[in-house]
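Each structure below appears as structure tokens.
Look at the two complexes coming up: subunit A is in both, with subunit B in one and subunit C in the other.
Here is the complex of A and B:
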């Protein structure tokens, strides 16, 4: 069996001259490389809370990108997945008195559940209709959480997600310390990198892209397109739920704005800015978006003017996103 | 073949990792200065307010007035020569952004105190971040929840009025004068419902009749379907519980519908900036509450001094209601620092609790159990003629003197005596 595979590989042109290029190698180890960047990231940031926010929004966009970039469906309701994760985590800690890791677990479950509900209802629609249905359903989620004042604090937001100390395998960590908090969050984000990379590299990952490239051909090849879409959407919900849960722990509050359609818009913007359908693009997009906003807004109250202009330049000159364009340039 | 791929692969992977690591370290070096910044000797006060968004005008006024408080402290020699400094951040009227900015202020800027906010949700978010880190936060925006035991901590102070006091004062003024039949138009969010609750509580003593409460979403632009419904209830008093742009539009349309001919319109809070933006017509004759109006200068020397200092610093402009809160919030903290003789949190808390101050609007003090500033509430009426200057928009028609009886009791808020 082994030798027969070798025989198939051997005749490939160029294989002998350069067995594995550095680009392919980097692609192979994309999760490790991404983790490395995440580990040194807080050192180059103006402040750690921003670095943590970038990680969280990057993870959120990573989950969104699974549906948008890899599956080819534009969802305008991802705030519901992110927000449900945050609220589930917050409620678990504030009202149920559960430990922090249970909060994160419930956050992921919340994201998966909300994605399953929205997915079942919306997945048969296409294009603009999919965007509209997901947006409408996420608005339903907004009002659901808004009205449940006893559980969510309604307009005032959920407060009191106060974790002072966490213990990991007997090791006590001070969660108030900004760098410790960052690296705890980073650990989860890194785990998510590896899971996502594995999913994309699996046969199922290939099916996801096959559905995006040519739905009819995928169906003719015997793949269940609807189920593939639904599963991908639910998986995306898991990543977004995790991001939401981490956000709740990081900020110690869950604001109701997290479920607003603005949040759905921000994640589309981040994915576009970074590069849709690229593995690391969403992280770059989140870094560019949040850093620009944070830094410019400390200089001037007219920050929206500058940020808007930069976005226009990006759309005009980097249609594939910052990371997407970069990848295209350096690809040997 | 297979082996060759692996060997060459592992070498270039190592090289790649090394290069990436070196690159990252290089990129890090110039920015590291941020982290290594030396401890500033200045007393830093973090000031997160919504500089952009619908309350931008009010927030910028808050910053101006807060800068005045800082300048006065520094001109007065500071704390044994140690100067104060305001670190302003835009919270974008978003609780999540406010929490992030508070983390930055505490963790990165290492502020000694935080003063600010202009929204119920935002102040609760800031409060949650600061109280967990043992930083004093003096809120200058209205909220009932922040007084309650659940959100309160010994680090939490509230310089602004709360909806219960504001609505109560306006209600106690209006109900005996204009009649017992009251209808409500309420913005459907925390501010609106807390104000409504305040009016109904105050109304109990006067046996008011609640004809009905019509709700509208925040950011409504058309009240034409709601106003006839309210009109048909034939109320003596129409109480409009909303704020900002909502209030401006609702009042404008209510004026057009002729409601003012038969009914007295009252509002819990009349904002100076809103009144100026909407013009005299819409607000004419409307009665509401406020924490500060520059016209108080006839009554208090402190107001006169504050007005004079403010207009000297800002080309003859007079301070607004929200601006005054920014001044009061920062000034009380700095006063406590001076009394305590240090920036030590516990000492400043003791000093703040003991503080009896008259800085800009007459006597005030912080109640021990919830750190709510016990202060007067002004009842004002908007005027459309005989205006002396562009800031002369209201007339003070009543004052509720500082009195703990007008606040919810400590037990009611869940504080142990």
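Here is the complex of A and C:
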């Protein structure tokens, strides 16, 4: 009798010793790992300006991925969030004469605000409607910024966001130097990694994925699906606003095209190319997309043809994206 | 308000209807394809643009506008059929986002191919001689060509209505939009029906592009702007509803036309404001069934 009870209590042989696998370990420290890659990236990437661009678009895609990959809503209006962040940052520096960090702060606020406005309207619709409504509303933002010439420069874009030197805690940094500029941008991107990783690991992060997996069950479990969607969309706006603000500082100009629907399309492509719903996918997608664009545009002006074709091939044959396909292979 | 007579407003109303007619044609194709295939065709603007360029090419070859009216929908529709068969069909059953993403990529390719073939800059598109000038419509002189656009749209709508309501194939389409599963069980080749519906939808988009060409000229990017505006039309009218697309298309045309009379800088923004109001008051649109999108 005694022995049989013991047998029941004994755990199964396989489960007895369950050391944390390297995969789980990597997952646990995903933000640190991503930061490490970002820090050493300039060593392998000779074109620092392009590397900075990759960081910025990667951050943009990271914010987009929160809505598309984790929440499961396809937004075609993320240009508005990115662009508002850039314009708010630019306006703060050019028109209000605020320091650079206030510009970045206002950029984040701009992204959050625009996401709240678009989110409140678009969340009322579901499914495929969401893509159409977000796209239309972002087009509306385009026209609004286009018409507000006094603030935004209209068709010419907002010029003169010239930051030559920034001081951090008394330390003077030369923002003209591409490498310094890269690391200043990287500091914000790394902060975003940790914030995003924390959000995803939190109970709220689990609710986000629950809503994606099964809306009815999430609702039956007592979660407010609509509010979860809205909050996630607004959070995404914060990340995209930050990316936009960094873009404004990096380019020293905010072109009106930043709000064009092509920008929304580019972030969709980046997220899909890298692997949606994965933590590293957006950054890898941004690197792949921007390098492809750079290489192709050196030998033809018709780079959109190649980019469009590559994207179609991805949709047809590699819907999991680069990182998504890779992770399926290496996952133990 | 000097200079704003009743006649001017009435004329502007008619101009709005002509603009709305283009929206109606564009949105009907979009709605037809969505209602049947549940595919949001992001390349619809590109098909519209290709329609205008095919027309331009026919004119370059020495054809006239009347040949274009027949040939453009045929060519663009055939192209649509090829796209459905080889690019969209593999994606059925893989989630509603994939065809949307694919057509988005396709629109890039189509626009760039047209740029390669015809150059980046636009072309003017002459109004056919017989349709030049203006006619008195009671409240003032109105451009004859715009009147023709309204008339041609009415003819297409009538033909489409007869096709959908009075033919057995139309019956299959309507049944398929309700429940493709049952239609398949009844022995209908649904894949073939979808192919034809996609062809019809894109043919109408090409026709709309041709009709719009003399009004605004032809450029490779002409499809992008109207796509966003057509989404407004479909949201306002109710996705998948043909009647909704007609009413909302005309309404959007009139709203744009009227705001450009009173506050030109707000003309583009006004239609999105209209959409925002509809979304708050009636999220499913005028004729959309509640919960259809869930």
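Everything below uses one rule, namely that the second predicted complex is superposed on the first by the 294 of 332 C-alpha atoms of A that agree within 3 Å, B and C clash if a C-alpha of one lies under 4 Å from a C-alpha of the other, contacts with A are read in each partner's own complex, and residues count from 1 in each chain.
One rule holds for everything that comes next: a contact is a pair of C-beta atoms (placed from the backbone, for glycine too) under 8 Å apart; a residue touches a chain by one contact, two chains touch by 3 or more.
Just so we're clear, the structure is a prediction, and the values are computed from it rather than from any experiment.
With both structures placed on the common chain, the touch criterion links A:133 to subunit C but leaves subunit B unconnected. In the superposition on chain A, A:48 contacts subunit B only, with no contact to subunit C. Once the two complexes are laid over each other on the shared chain, residue contacts for A:99 go to neither subunit B nor subunit C.
Once chain A of one complex is fitted onto chain A of the other, the partner contacts of A:311 are limited to subunit C, with no touch recorded for subunit B.
In the superposition on chain A, A:268 makes contact with subunit C only, not with subunit B. Residue by residue along subunit A, subunit B and subunit C are tallied for touches, and B comes out ahead.
Once the two complexes are overlaid on the shared chain, A:143 sits against subunit C while remaining clear of subunit B.
Contacts of A:154 after superposition: subunit B is touched, whereas subunit C is not reached.
The contact surfaces that subunit B and subunit C form on subunit A in the two complexes overlap at residues 304.
Considering their complex, residues 34, 38, 40, 87, 90-91, 94, 96-98, 100-102, 104-109, 111-113, 115-116, 224, 228-229, 231-232, 234-235, 239, 265-266, 268-269, 272-273, 275-276, 279-280, 283, 293-294 of subunit C touch subunit A.
By the touch rule above, subunit B contacts subunit A in their complex via residues 1-2, 4-5, 8-9, 12-13, 16-17, 20-21, 24-25, 27-28, 31-32, 34-35, 51-52, 56, 60, 89-90, 92, 94-96, 99-100, 103-104, 107-108, 120-121, 124-125, 127-129, 132-133, 143, 145, 150-151, 189-190.
Those residues of subunit A lying in contact with subunit C across their complex are 74, 121-122, 124-129, 131-133, 135-137, 139-140, 143-144, 147, 261, 265, 268-269, 272, 302, 304-305, 307-309, 311-312, 315-316, 319. Contact residues on subunit A toward subunit B in their complex (touch as defined above): 6, 9-10, 19-20, 22, 25-26, 29, 33, 36-37, 40, 43-50, 53, 154-157, 159-160, 162, 164, 176, 178, 247, 251-253, 255-258, 297-298, 301, 303-304.
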